[in-house]
Amino acid sequence: MKRKILTMLVLTLFALSSAGLLAQGQEEAAAAAKPVAIEFWTTETQSDRMATIQVLIDTFTALNPDITINLIPVDENALATQTQTAAAAGTLPALFEGPAETAVSFGTQGVLDIQATRAVVDKIGKDRFYSGPLKVLETTDKSSYYALPYHGWIQGIWYRADWFEEAGLNPPNTWEDTLKAAEYFYQPDKNQYGILVGTLPEAYAEQCFTPIAMSNGAALFDADKNLVFNSPEMKEAVEFYAELAKFNPPGPQTWRARDYYLQGKMAMFFYSTYIMDDLAMLEAAAGSLTGDNFGDLSGADFDPELVKNTRIAPIMTNESPAGYGTVVALGFFQQDDPAKTAAARKFIEYLYTPNAYITFLHMAPGGMNPMLKEIASNPRFQNDPMGLFKSYGPEKMAEIIDGLENVETFSIVEGVRIEEASEITAKQIIPQMLYKITQEGMSVDAGMRWAEAEMRKLID
Amino acid sequence: MHAQIKNTGKLPPGGSATALTDGRTRAQREELLGWALVLPSVAIILALILYPVLYNIYLSFYQVNLSGASRFVGFLNHREVLGDREFWNALLTTIIYVAFSTVGATLLGLGTALVMNEKFPLRGLVRSLILLPYVAPVISVVFSWQFFFDPVNGIFMDIFYDKLGWFSQRINLIGSPATAVWVAIIFSIWKNFPFAYLMILSRLQAIDQNLYEAAEIDGAAGRHKFLYITLPEVYFVVNAIILLRVIWNFNKFEEVYLLTSNVKVLSVYTYLKAFTGAMDLGQGATLAVLQFILLIGFILFYVKRVIKW
Amino acid sequence: MVTGKRPLRKIGFALLVLSIVLFCIFPFVQMLSLSLKYQWDWGNPSLIPSRLNFDAYKELLNIGQSLKNVPESIINLLDESPDLTPAQRSAILAKYQDTGDVFPFLKYFGNSLVLSLSAALFSVILAVFGAYSFSRLRYRGRAVVQRGVLMVYMFGGILLLIPLYKVFVSIGLLSTPTGTFIGLLVIYMVQTLPVSLYMLGNYFRTIPFSIEEAAMIEGASRFGTIWRIIIPLSISAIATVYIYSFMIAWNEYLFASVFLKSYKDLYTLPIGLKTLFVSKNAIWDRIMAASMLTALPVMALFMTIQKNLTGGMAAGGVKE
């Protein structure tokens, strides 16, 4: 009963605030009431997420019958390529949802509409956003933003707490402890591996590498925008990474190798909070498997203790502590037809209304965390479908969300936003270097020289 | 009774200047008709191939900038590409890939065709099964191959490391750059040998059985029958297969890229150059032009010297 | 004829056939096996699943799936959008329960089928005439055209991609689904034309000119001889070429992936499968089941035609 009243109260608040935003939207709609069709590229390619976003679109277009939105899934690793092709052909969509670094890279190429972005930020109110993520997306002159932060995740090393305990090892919070554990658990003759770090030239490798470099004080640029990639700190980080990679499963690997962890063949792996969703599903599946029908499961690689004994070490420390996460942003591509931009603006504003926002975030509890402070403390948000807030506890979840405030990337140095670093990330130069060093047998020095040359090509 | 038709092996007598009723010579009529029949094919090929080809050549002289204007740079791209060690590595990988996959597919196709030309129970079913690799879409079989070679869970390592001990440790054959090209070659042979098999088999079936019977009467051994009857009969089709396979495998993108993503044959290298990293479309176009030159050189050589088409 | 002399030889021959067959079908066996395994069984190298799991197929084919559960967040969303009419609300819900199939197999299958059948048909029609011209008629420029046709192969798909995409966009072909479909159709035709011309040309050369000559002396036109003599005599070759063109179109994905991006309803099977794989829905049983479903129709189709094909070859009795 109590809960019901509370819910009612919250709902009323939502309704009021949504109505406010909608009213503003409707004024603008009056100005451009002719039918308009826009495209929306999303990197949420899973079918269930697509279906949820489609509901948001359907609801929005039901309320705005003159707007049609075509939702198109684009693989995160192909986003830059697809944009390139579309830009060359003049067929960029009005809207996209993708990693902030990619958005900044688009912004520096001049294909984004930063006026429209600025207008939306102003309308929502800058102070309602977490400041860290917003800063990631700020333009150099600080006059506007390349895109709007919409949700985010943090990353850490997930590990088998029971294995660590049994072996008397410390959790993988520091370079030393991580390496020690990776080495200890690496038993290839038993088909068991120590750790998973990305060694394929994909975004995942950079996601693993960034906190390691950051924790050693290594950077791509200094605050004056000079490339300082080739530093002793960076070299140590690369060497350490290459050392860790020796305890990987054989050959080049990417996030898909987390399967080995789920099969109990690996001790640790870098992963985002999205795994919470997967683990919850695995636990549900496990629940159904241990029933009467499956009494003869012995011998199969299924470990019912796995989910219970999985922990995260979100901060890596060597010289200094560092965490890593990614902000996912909504951005406007420049359009020839202002009506399209107007329609896109209206839709984004709708997505920020609490009702739509929470629906969106609940697609992947743990993986998708809000960028507006008020949503994080919203009881409806905390009442997620997976029951993560309940099982992990509000403190843990708050910690994750707070982590977003301290998201560190190579593209912000002492508060200065460095577009070139985002370019380097978008072009996956560091993952390519790590691949060359760990897989092609290139020496660390040669690999770093190669990467530096590639970076200089981009900057000039 | 089947009609027995002897192949003359020569071009039809077309050029004779027999005067026909409409006043044109037969040669003139043939010329018109010849062009008329081939024109639709030629037109569509010109429209969809010539433009991109020219466009690629044009692009190869430019520093392509997507957000701004492209800048004419002369032969800069060409010099950079030729001076890049990775290009030569890609070329070497391509040659290895094309040579082994072509020879492998052709030989296996020839052998299989010889086996399938014999009579045995269930031959019809077996013949159909053999074609499966060739007809299945690339994208639908690569995942199975990837899993087969998965170092931790794959059957390959389970058999050859765990059970047989042929390897000293579990190796990621399909992922490691040193071995991936060989997996790609085996995949290509697996995927494409049925084409060679099919072509050769239909040729074998067309060989006049009287030839073999005559040879048997003369007391020829199986080996001799193969050398002096079968081989000459399939010579042309084998050459055609080799030519086609070289061309196709040289440009193969999907079969390589979808399978392992780190075997840098030229087509993949071009793709990576043009669409990833620094996204250098100008250099991508340059690579395309270079590939074109290499391939046309090979084809002219092969067609003139080997097939004498 | 050659077999059956010595039993040892017979066994060796049987082993040879067996190993060829195994080599060919092993990846399919692997695919089937994994598609039927539970997640906890993936690490088990045995090809036989510890327990059969049909969930992936059921899910992909939408068999026995009760209406999709609507998550609370979506119900909340709709309840709290007061401006929606009840009709709109139920329409949105119905659409939600209806879409979001992980792999709408039948739709993709239909798209692939229509596209490939028509591309192959047009390609073969053009190729019959072109190949006849190559093999039977003498004219200036023939050698140039014959070789020029092979040019198509010198540029792989990637290198034609951007220019063609640009042209098609600039003439507005890609702005409608029909236009996009036609665009792909034409590209697939070009991809298959050269091999059709080449293979048919070779085949036509093996048909003795004397048969045609006889018909022409009796007053048949050139088109008449093509229709009544060349096509019937080479029907098995034409069928081979047709199926070949069909395969190329059916299996193609590079162009489809770029051209069809905006038209989810036009996705072909390979694009659907690729989309499934890059999405994080990609877990092995689903990928393998979807691979199986993508490969099966074309394999089944081919095996049925293959019988006719062999039969046609025997019945036609055309020997060189």
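Chains: A, B and C, in written order; residue numbering restarts at 1 for each.
Note that in this section a contact is a pair of C-beta atoms (placed from the backbone, for glycine too) under 8 Å apart; a residue touches a chain by one contact, two chains touch by 3 or more.
None of the values given here were measured: they were computed from a predicted structure.
Taking the mean of all protein Cα atoms as the centre, the chain whose own Cα mean lies nearest is C. Among the pairs A-B and B-C, the greater number of C-beta contacts is found at B-C. Separating the centre of chain A from that of chain C, both taken as means of CA atoms, is a distance of 37 Å. Chain A and chain B, compared by their mean Cα positions, are separated by 42 Å.
Centre-to-centre, using mean CA coordinates, chain B is 18 Å away from chain C. In chain A, the residues that touch at least two other chains are 88, 259, 263, 265.
Taken residue by residue, chain B touches two or more other chains at 152-153, whereas all remaining positions touch fewer.
Within chain C, contacts with two or more other chains are made by residues 42-43, 162, 284. For chain C in complex with chain B, the residues that touch the partner chain are 1-3, 13-14, 16-17, 20-21, 23-28, 30-31, 34, 42-43, 45, 47, 126-127, 129-130, 132-134, 136-142, 145-160, 162-164, 167, 186-187, 189-190, 193-195, 197-198, 202, 205-213, 222, 240, 247, 250-251, 253-254, 269-270, 273-274, 277, 284, 287-288, 291-292, 294-295, 298-299, 302-303, 306-307, 310, 313, 317-320. Listed in rising order, the residues of chain B touching chain C in the complex are 2-8, 11-15, 27, 30-38, 40-42, 44-45, 48-49, 51-53, 55-56, 112, 115, 118-120, 124, 126-141, 143-145, 147-148, 152-155, 158-159, 162, 190, 194, 198, 202, 205-206, 208, 222, 240, 244, 247-248, 250-254, 267, 270-271, 274, 281, 284-285, 288, 291-292, 295-296, 299, 303, 309.
Residue ranges of chain B in contact with chain A, taken from their complex: 66-67, 151-153, 169-177, 261-262, 275-279.
Across the interface of their complex, chain B is touched by residues 80-81, 84, 87-88, 109-111, 188-189, 191, 193, 200-201, 249-253, 257, 259-260, 263, 265, 427-429, 432, 435, 439-440, 454, 457-458 of chain A. Listed in rising order, the residues of chain C touching chain A in the complex are 38-44, 50-51, 71-74, 76-78, 80-85, 88, 91-92, 95-96, 99-102, 162, 165-166, 169-170, 174, 258, 261-262, 264, 275, 278-282, 284.
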